[in-house]
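Shared between the two complexes below is chain A, which has chain B as its partner in the first and chain C in the second.
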Partner chain A sequence: MPPTVRNADVSISVAERLAPGEAPDQAVAREKRRHHRQTALRVLCIVPPIALLGALVVYPLANAVYLSFTKSSFINPDPDWAGLANYQAILTSDTFLTVLKNSLIWTVAVVAAQFVLGLASAILLSQKFKGRLVLRSMVILPWIMPGVIAGVLWKLLYDPYLGPVNAVAGGLGLVDGNPAWLGQASTALAAVIIAAIWKGFPLSTIMYMASYQGVPNELREAARSDGANAWQVFLHVTLPAMAPTIRTTVLLTTVWTFNYFDLVYVMTAGGPGTSTEIFPTYIYREAFQNVRYGVAGAYGVISVVLLSIFTVVYLRQLNKSGGLD
Partner chain B sequence: MSATIARRRATRQAGVYVAAAALAVFVLGPIFWLVTTSLKPRSEVFASPPKFLPTELTFANYADVLTPDTLQFFANSVIVCLGTTVMCLAFSLLACFTLTRTGTRGRKPILVGVLVSQLLPQAVLLVPLYRAADTLGLLNSRFGLMVAFMTFTLPVAIWLLRGFLMAIPLELEEAARLDGLSEFGAYWRVIVPLAKPGVAAVGIYVFFMAWQDFMYSLVFLTDASKRTLPLGVLALIGSHTIEWGQLMAVSALLLVPILLVFTFAQRYFIAGLTAGAVKG
Partner chain C sequence: MASVSYRGAERLYPGGDRPAVADLNLEVEDGEFMVLVGPSGCGKSTSLRMLAGLEEVTGGRILIGDHDVTDVPPKERDIAMVFQNYALYPHMNVADNMAFALKLAGVGKEERMARVREAAKLLDLEPYLERKPKALSGGQRQRVAMGRAIVRHPQVFCMDEPLSNLDAKLRVSTRTQIAALQQRLGITTLYVTHDQVEAMTMGDRVAVMKDGVLQQVDSPLRLYERPTNVFVAGFIGSPAMNLLSAKPGDGGVVIDNHLLPVDRATASKIDGDVTVGIRPEAWRMVSESEGGLPVRVTVVEELGADAYVYGQCDLDGVPGQVVIRAAAGRVPHKGETVHVTSDPDRVHVFDGGSGRRLST
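Right, the complex of A and B next:
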């Protein structure tokens, strides 16, 4: 984006034009008044949206931190001060380790697969073949579908008796009987991860497709005439040119995946046991089923701390590229 | 020599078609299942092993789910999402007047704040927002849900809109100012109308985000009459048997508005999407 300056500079040129019969100092005073009015208007415009964001984001965040130092229960839902008790209990509990481990596996697997699949499909859809325009417009469908639909749909696909997953896998001789992929702790997380990959990868496809087609063909031609093969061209020309898009997309999908609630909640609600419990679903369970706002708050604070690493990286990158000017 | 090249090209082309077919099956297979299940008679929905192609098509599932309740849920969803879109656009147009003036002090921290709030886990904000809404009597209210939706739509809308407005050449604003328009007048009468496609893209994207929501509706709406369609979907999952045919029919209904928006405004939609994610 070209640097643009939108500020009071324009009014100076207005001040240079005197009104008929006006002394220069009168004109300067007039301009000063105008300038003050202008500043006041700018402040006036930014206050309502920022106040709203304060009420909707800053206050809840601060309140969640406060709640994390309190205790409440189903019988006594009003929070009482409890100091660090929640954190002490959480950091020594097995459930926390499970939630942390699940969240890491879930995020890394989904993001990695979305990156690979997104890149591969972007390159594929940039080739010439019959029907590519149709496929291009269809590929976005899983991503625009509300998460609750994707959740119930994949629940049906995985249904042991009625779903096509077992029918296909059984037909190919890959499985015996009718395994309940979502019903057993050993496979539930992997099953949910596959659904999340399906739901989310089209965003990466769209991003990478735009970026891939933006790489100048002359660069590739030049590398080819220097004797590079297709793989070398991809690795040393195409990929570096796409690097900024890839960095941003991976960072954002990481944050979104880590925070994603709908799919897991609808498909398994964190179960069986705690085998698919990730931070958002576990926060929901503690807050709205166990009415332990303090524990939910502490889990929330921990997840914000974990996420802040990615947020800082993202902001730094954005600042470097001038996106904040 | 040319025969080898031709053969290599043919192999490559075949590879492209195989990969395209695999991608199509992976992406569209589940959606095919959604649509056909919604059109199967009950006996075939519950056939095991499942039938890949229905032997007869019926709209019975749609007839079953198109109850006054479902229509009410649908109306609730549309009202809440449209309301969110209007409020969100109003607030972000206001904010962007100030945030597009590069001379303003304190602009950068605000922008950072807007971005960070977009990346926060919504689950963390949920408990305090729920408790605050409870105190203010905004639970089970469509207006309350609209306000809650602004939590995740407003930061994105401000950010996107600012990008579209900054792309309008500065000379146009200067020209408007020299013609005697005030700073706000130039913004409102010249810059914003010129950025109309961008404003439309933001509006569509906000509607889309609101339509995607499930978590806030789940927490904020407990009264059956105030339910939105995603909760209607969830309510169909009984504790014993799930009426899959009906469930897929409701899901298809929930997809329709998004597909309409997508079909008729694909250009705006993709613009909002890519601007939102990458240009950052």
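Right, the complex of A and C next:
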């Protein structure tokens, strides 16, 4: 057997690479030197991106985690070490339960509705009809509109006296008087959820539209000649073919919705009371109104942990059912 | 009973100025293997898809057996389609792909599995039943597509160029397999291809189309021996038939001053210029004194048993291409000039204007 360099990635037969007048063992040494040089180069290439990642991701994260173990107040804004006190207080408080419950309802309702609405509008807009192009460019408007503007717009829509929502609902005899949808705890969360669905669904529409049109027509035709009706074609062929896009989109919209701040903040600022308080708005309130950075930090850490657990479980589940492809 | 009849069937695409398939009249008998062949864009796929119900019929009727299916949705036609790109459901494994139609039809699980296994055995697919289509080779996918069709025991098979994604060798062997399988199952089959060799070797009968119009329907041999017009004559056969323009002459036709005798019945029908068709094997090499058409040899393709000799001749000042099949031992060399003629019963004469066959 010819001498080979015993190294994971350089197991090239040295006998074939002998320089003129070179002994095999010299060649082995040469190969080893070359290998070391390569390793050094690799390390050199990897360092900058890792440093950048560290500065951009790890430092803020670590800082938030540190803050969550400290105490500060309006009078004494410098953080003092407080150990687990913040977490203990939060996990036993009613507010935390409210925020958690609101966040869950908010996220599940918005994501589910955006999925259904996005899919339905995507299929509708993929059909051939007059004015389809106009409708397609219009449907994206809510998505490109800044969240703050959308918040103001929906506040106007919901205005008890001037808003068209009450005008229409009153006209149809659905409501008595002038209910303040955003002003009462029983309806405020539902009202902001509707606004958020409207604001975000075009992204799902666009993703699903691209995916729907990417399903080869031949597949649908095959299913039709296999005896499927329109609904069966959709259920057994179109939907499974769109599954990878659906999985990705649902994951993305979940993360975005869970972290969505500006719309709720503009419309209700978490009120009335804590009825529309979700993690981002409540973190803002603790940090910048109550100046309790420690509590805000702890809420932040908890929300990241929750989202990470969700993502891991979701991706796990995905891998079981065929992964993202 | 599952014959197929096209009765004046037409497909005009919206915005098209002429139909993609025009006034198609075609009868496929029960159990017959009918091949639709023609150059790209001639309307073969459209004709097939009209039968499968995937394409609207804008005129005429289509019948399966005695049943008018013109306005019947595909799922009620009991037709199994094999697509060029196979169209296997990517998220289902091979077994589920094959069982899908049966499942939709409400066939019980036991029976479904039995039929899938039977088809898998027939097609050598047993080891792959659990695999997803993307983990199969092209040839295996092709067989799954076939399997998906045969488990259904349909009235009619529709196949649209099912072999065109296979490599040349596999194509030849699969060709034979499909033909044998069809014969064994006895299911009426309409098979589309643009490859005339495939058409000739597989079909009980072959329908030749051009520009949406059916040109001729005949057995492969009849197509070869009695093409109904210049197009079919040139399309069927490889290398293609020599088609040379000629003038009427005394007892024959004249190609560049060389008289080629034709039989009397044919000669009587000639008025005006004609196109003469001579298959490569119908040429006879003669000595110069016998007065054949002189051909200067440019390329010689040796095939062992015989050879194809490509040459140039002069047609009243216009250079023409000629292909001659020469038996081994009598193969001329490149650069040589040979003289060729043919016999009356091997000369096809077509009208110079309409291209219609004049020979009897």
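We take it that the second predicted complex is superposed on the first by the 252 of 325 C-alpha atoms of A that agree within 3 Å, B and C clash if a C-alpha of one lies under 4 Å from a C-alpha of the other, contacts with A are read in each partner's own complex, and residues count from 1 in each chain.
Throughout what follows, contacts are C-beta pairs under 8 Å (C-beta built on N, C-alpha and C of every residue); 3 or more make two chains touch, one makes a residue touch a chain.
Predicted, not measured: the structure shown is a model, and the values here were computed from it.
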Should A:Q289 be classified as contacting the first partner (chain B), the second (chain C), both, or neither? neither
Of the two partner chains, chain B (first) and chain C (second), which one does A:E221 touch, if any: first, second, both, or neither? second
First (chain B), second (chain C), both or neither: which does A:Q213 touch? neither
Can A:L141 be said to touch chain B (first), chain C (second), both, or neither? first
Look at A:Q26 in the shared chain and tell me whether it touches chain B only, chain C only, both, or neither; answer first, second, both or neither. neither
Tell me the contact category for A:Q184 with respect to chain B and chain C: first, second, both or neither. neither
So, does A:L41 touch the first partner chain B, the second partner chain C, both, or neither? first
If you count the residues of chain A that each partner touches, which comes out higher, chain B or chain C? B
For A:T245, decide between first (touching chain B), second (touching chain C), both and neither. first
Regarding the shared-chain residue A:S93, is it in contact with chain B (first), chain C (second), both, or neither? neither
Okay, in this complex, where on chain A does chain B touch? 1, 4-11, 13-14, 38, 41-43, 45-46, 48-50, 52-53, 56-61, 63-64, 67, 120-121, 124, 127, 129, 131-132, 135, 137-142, 144-149, 152-154, 156-157, 159, 161-164, 166-167, 170, 198, 202-203, 206-207, 210-211, 245, 248-249, 252, 255, 258-259, 261-262, 265-266, 279-280, 283-284, 287-288, 293, 296-297, 300-301, 303-304, 307, 310-311, 314-315, 318, 321, 323-325
In the complex, chain A residues that touch chain C: 216, 218-219, 221-229, 232, 236-237, 240-241, 243, 322
In the complex, chain B residues that touch chain A: 13, 16-17, 19-20, 23-24, 26-31, 33-34, 37, 45-50, 52, 91-92, 94-95, 97-104, 108, 110-117, 119-132, 147-148, 150-151, 154-155, 158, 163, 166-167, 169-170, 173-174, 177-178, 182-184, 208, 211-215, 218-219, 230, 233-234, 237, 244, 247-248, 251, 254-255, 258-259, 262, 266, 270, 273-274, 277-280
So in the complex, which bits of chain C are touching chain A? 52-54, 73-75, 77, 79-81, 83, 85, 87-91, 100-101, 104-105, 148, 152, 158
